[in-house]
Amino acid sequence: MTTIQERPRVLDLPAPKVTTGIADVDIHPVPPADALTAYLPRRWREIVREYGVRTTNGLFNLGEYPQLYGGAMRADTWPETGFPGSDLDLIRKQLLDLYDVQLGVLQCISPGGQALNPASQALRPELADALTRAVNDWQLEHLVRPEPRLRAAISVAFESPDLATAEIDRLGSHPGVVAVLGLSKTRDPLGSRRYWPIYEAMIANGLPMQIHLSQGGGNPSTGTGWASYHTEYHVGQVQSFQSQILSLVLSGTFDRYPDLRIMFVEGNVAHFVPLMQRLDYHWETLRSEVPDLLRKPSEYLADHIWVSTQPIDEPDKPAHLVEYIEEFGADNVLFASDYPHFDFDAPDAIFPPSFPAELKDKILRGNAVRFFGLEDGA
Amino acid sequence: MGAPTMTTGGTGANRPVPEGRRAAVVDCDVHAVLPSARSLLPYLDDYWADQLVAQLAPYYEPGYHPPSSPIAERPEVTPGPDGRAGTAVDALVADVFSDGGPDFAVLNCLYGVQQIHQPRREIAHARALNDWIAREWLDADDRLRASIVVPQGTPDAAAEEIDRCAADGRFAQVLLLGQSELPYGRQINWPIWEAAERHGLPVALHIGGVFRQAPTSVGWPGTYLEWYVGQQSNLEAQLASIVSEGVLQKYPSTRIVVSELGFGWVPPFLWKFDKLWKSYRPDVPWLTERPSDLIRRHVRFTTAPSDGFERPGALDRLVDRLGSEDMLVYSSDYPHRHHSAPREIENGSSDPALIDRIRRTNAFDIYGLSVHSDL
Amino acid sequence: MTRYIVANTTDIPQGERKIVELEGRSVGIFNLDGEYYALLNRCPHAGAPLCEHGTVFGVASADGPDAPIDYERQRSLRCPWHAWEFDIRTGVSFYDPRNARVRKYEVEVVPGSPEDVVDPDGGRQDGPLVLEGYAVSVEGDVVVVDTSRRRPGRTRDQAERRRPAATA
């Protein structure tokens, strides 16, 4: 079946620029109740109404670990009605205006409020496709168009790369789109060749990918079974990112796609440093298993892997934070607030007083230029 | 290094050493290899022996160190009669206790009984394996100690096996694999912690797994290198589980030795765990102190592979980030080959006192092994 | 020592809170079953509006992972940003009692009879009213916040005794 993909009206949007303000790479909008309905074809509307959205757990409308407090929302972000992140004026007031965010990148991971799994995790590929398209069209029309400081990372049916690439091609040239949104919990590690077509489409459209932490995805919450308590579940999020970075590097994905840019969002920074050092160390012994790799593993980071600061690492000695960021790569760390979610990071609060000003400047604005391919505002 | 530094008495890092003795240098992770499934036949009863033969003696050689890959053996090791390192006690003893070597070595036999799905077979084979270790290894050299291999799939039976083996004081700890079917903090696994504490035995969490599910939270890694390096993530999960589920409150004398799984990942893990504990305290109200403080007290990490911390200054920086000098214990990971030799970890520090802790006194805290001061 | 009338008791119903500005600082006053508590409206961790948007929650404790969980409602104030908790009575954090705390203010409920306090300008003023030195006219009981630092050497017992037992 060949259909001409309907494209939303392309806006006359100027390219995003970060000059005096900052870039925030992780903002979570929530579509108001029923907002997506208008963007869903009737047949899917009916199916969702009758059967819900089936995902990899046996719950009708929940992720595996329902958040402990108020949907994991920052308690001061609830609008008069609806969920945090559903009121554009409040996003402006509490985030964009307050911190002078010039580029805020939307990570819409929950189409139906706090409870529903992300659209891209719907098990039925065609439904995941319809839901992610609806999310994307909604955010472009209702957030990016009225508020061009916000730009979208578009959600895609990640586990069905043929559908994901079609969506990337549909929206890739839209000026409101600055990245493709993936999730940390995937069915296979990200270096798996079945995901390669997605990377090809991204590169063809000049887009990088943001991988945001998630639940779900079809594997247990850890590689050694399901966690019980929220401490374990939430601490475990970085473990998924660790597995993903190893897979991306060792699969040769970056050799195959030299223009691939990936950012891990809400996955901390410090832990990647010893992991890559460990990988280098063992690669020296075991490189005969991956003879095609063109570079030493850690050498791929500078060109291919970016990370966001939130949740900021809080060592007992603040100097350790700076050390780890510099060891990871001062040019590859970007600021994220995670607004309106709980464990929000404020750009004026997370940097210890001793934090070097130049490094802070890179994290808050400079490093966004290369990752998102912006015009250099400097 | 390794020469006695104290003439009378002395201390472990945190507990006293008996008068006239010094804390022993311990190699906390050395691998004895079961040469063949048939090696267990003398230690299985008739039923299980006949079962094994009828099955054509399936050899549960684990894939943790592919035997022909570079990690399997260091070039200089003395092979056993079958040409493999670690299969014969005299060869192993000659290598491990060569000049400048340790006073004691702890054997971790990784033969994969834990991957047997049939629970009663797993129980029988774990028992046979421990008897094989006692007769063919521990009897051969009194400097050898060993870990008790337990049938992880049936924690009550694992506890019974700990009770049985602990009577033989040469079993110095309990061996669990890094990846389990259910995280080790889960109450179903408490009989193992209870038994280990009852006998004053540390529990080693060693690289390896039962492979009941993908060994990462995002599916199956394609390469061995990816699996091997990535198993540190499962140890983060295990420690998060053990702490969160309250094992360390329930069994407060518990000591854990994370073995052959690196240690560079620990500081960022502790910071994240502490920060989220502050958020989620009401979910785990028995945790009345920071997870990092509990882990610093209860958990030790073996130094091989050294993962790059053998570079000058790197070990000192790590200890500063760990916030503790107590957490590392020396291991050679014999006969496995890594990018640097085991003792090269000492290059990572300019502090001889730290190296002495790693080689002797930190190990004394967990194993209580000492030798005469004049040795 | 400066003591401020911050509200009539009727202004802060049971379970409610009021945010006022005292000496340039935002302060939250809580009424929990007739007991009043006042804390600085700023989380010491990242500066979040702790009192204004924090959640009053209970405190759980357990002797062990298989012991019963004791739970006392209305003891903690959970920060809106990271969910770190503070004892609403003392401002002391539960995660690091020795080092992390939010400033606590002494609160009293006193009768605000016209004989005691008279507003020189007549009528009621909006906003915080200074009790001593700027006597004002109020009706019924008033909630008074003391902004002075706790004096060194004063024992916890003494501090406890200073706290009003309940609504008069």
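A, B and C are the chain letters, set down in written order, and residue numbers restart from 1 in every chain.
As a convention for this text, a contact is a pair of C-beta atoms (placed from the backbone, for glycine too) under 8 Å apart; a residue touches a chain by one contact, two chains touch by 3 or more.
Here is each chain with its UniProt name: A = Amidohydrolase; C = Rieske (2Fe-2S) protein.
Computed from a prediction, not measured in an experiment: that's the story for all the values here.
J.: With centres defined by CA atoms only, which chain is the most remote from subunit A?
T.: C
J.: More C-beta contacts across A-C or across B-C?
T.: Of A-C and B-C, more C-beta pairs in contact link B-C.
J.: Express in whole angstrom the distance between the two chain centres, defined as the mean CA positions of subunit A and subunit B.
T.: The mean C-alpha positions of subunit A and subunit B differ by 37 Å.
J.: Roughly how far is subunit A from subunit C, centre to centre by C-alpha average, rounded to an integer in Å?
T.: Spacing between the chain centres: roughly 41 Å.
J.: Could you put a whole-Å number on the gap between the CA centroids of subunit B and subunit C?
T.: Going by mean C-alpha positions, subunit B sits 52 Å from subunit C.
J.: Can you list the subunit B residues in contact with two or more other chains?
T.: Within subunit B, residues 245, 275, 277, 279-280, 282, 284 contact more than one other chain.
J.: Show the residues in subunit C shared as contacts by 2 or more other chains, in ascending order.
T.: 82-83
J.: Pull out every residue in subunit A that's touching 2 or more other chains.
T.: Within subunit A, the residues that touch at least two other chains are 68, 342-343.
J.: Could you list, by residue number, the parts of subunit C that touch subunit B in their complex?
T.: Checking each residue of subunit C against subunit B gives 57-67, 69, 82-85, 94-96.
J.: Name, in rising order, each residue of subunit A that touches subunit C in their complex.
T.: The touching residues are 68-70, 74-76, 342-346, 348-350.
J.: Could you pull out which subunit B residues touch subunit C in their complex?
T.: 187, 245-247, 249-250, 275, 277-282, 284-286, 288, 290
J.: Would you mind writing out the residues of subunit C in touch with subunit A in their complex?
T.: Contacts found on subunit C: 46-49, 52-55, 78, 80-83.
J.: Would you mind writing out the residues of subunit A in touch with subunit B in their complex?
T.: 68, 184-192, 217, 219-232, 234-236, 238-240, 242-244, 246-247, 250-251, 268, 270-271, 273-275, 277-286, 288-290, 311, 313-317, 320, 323-324, 342-343
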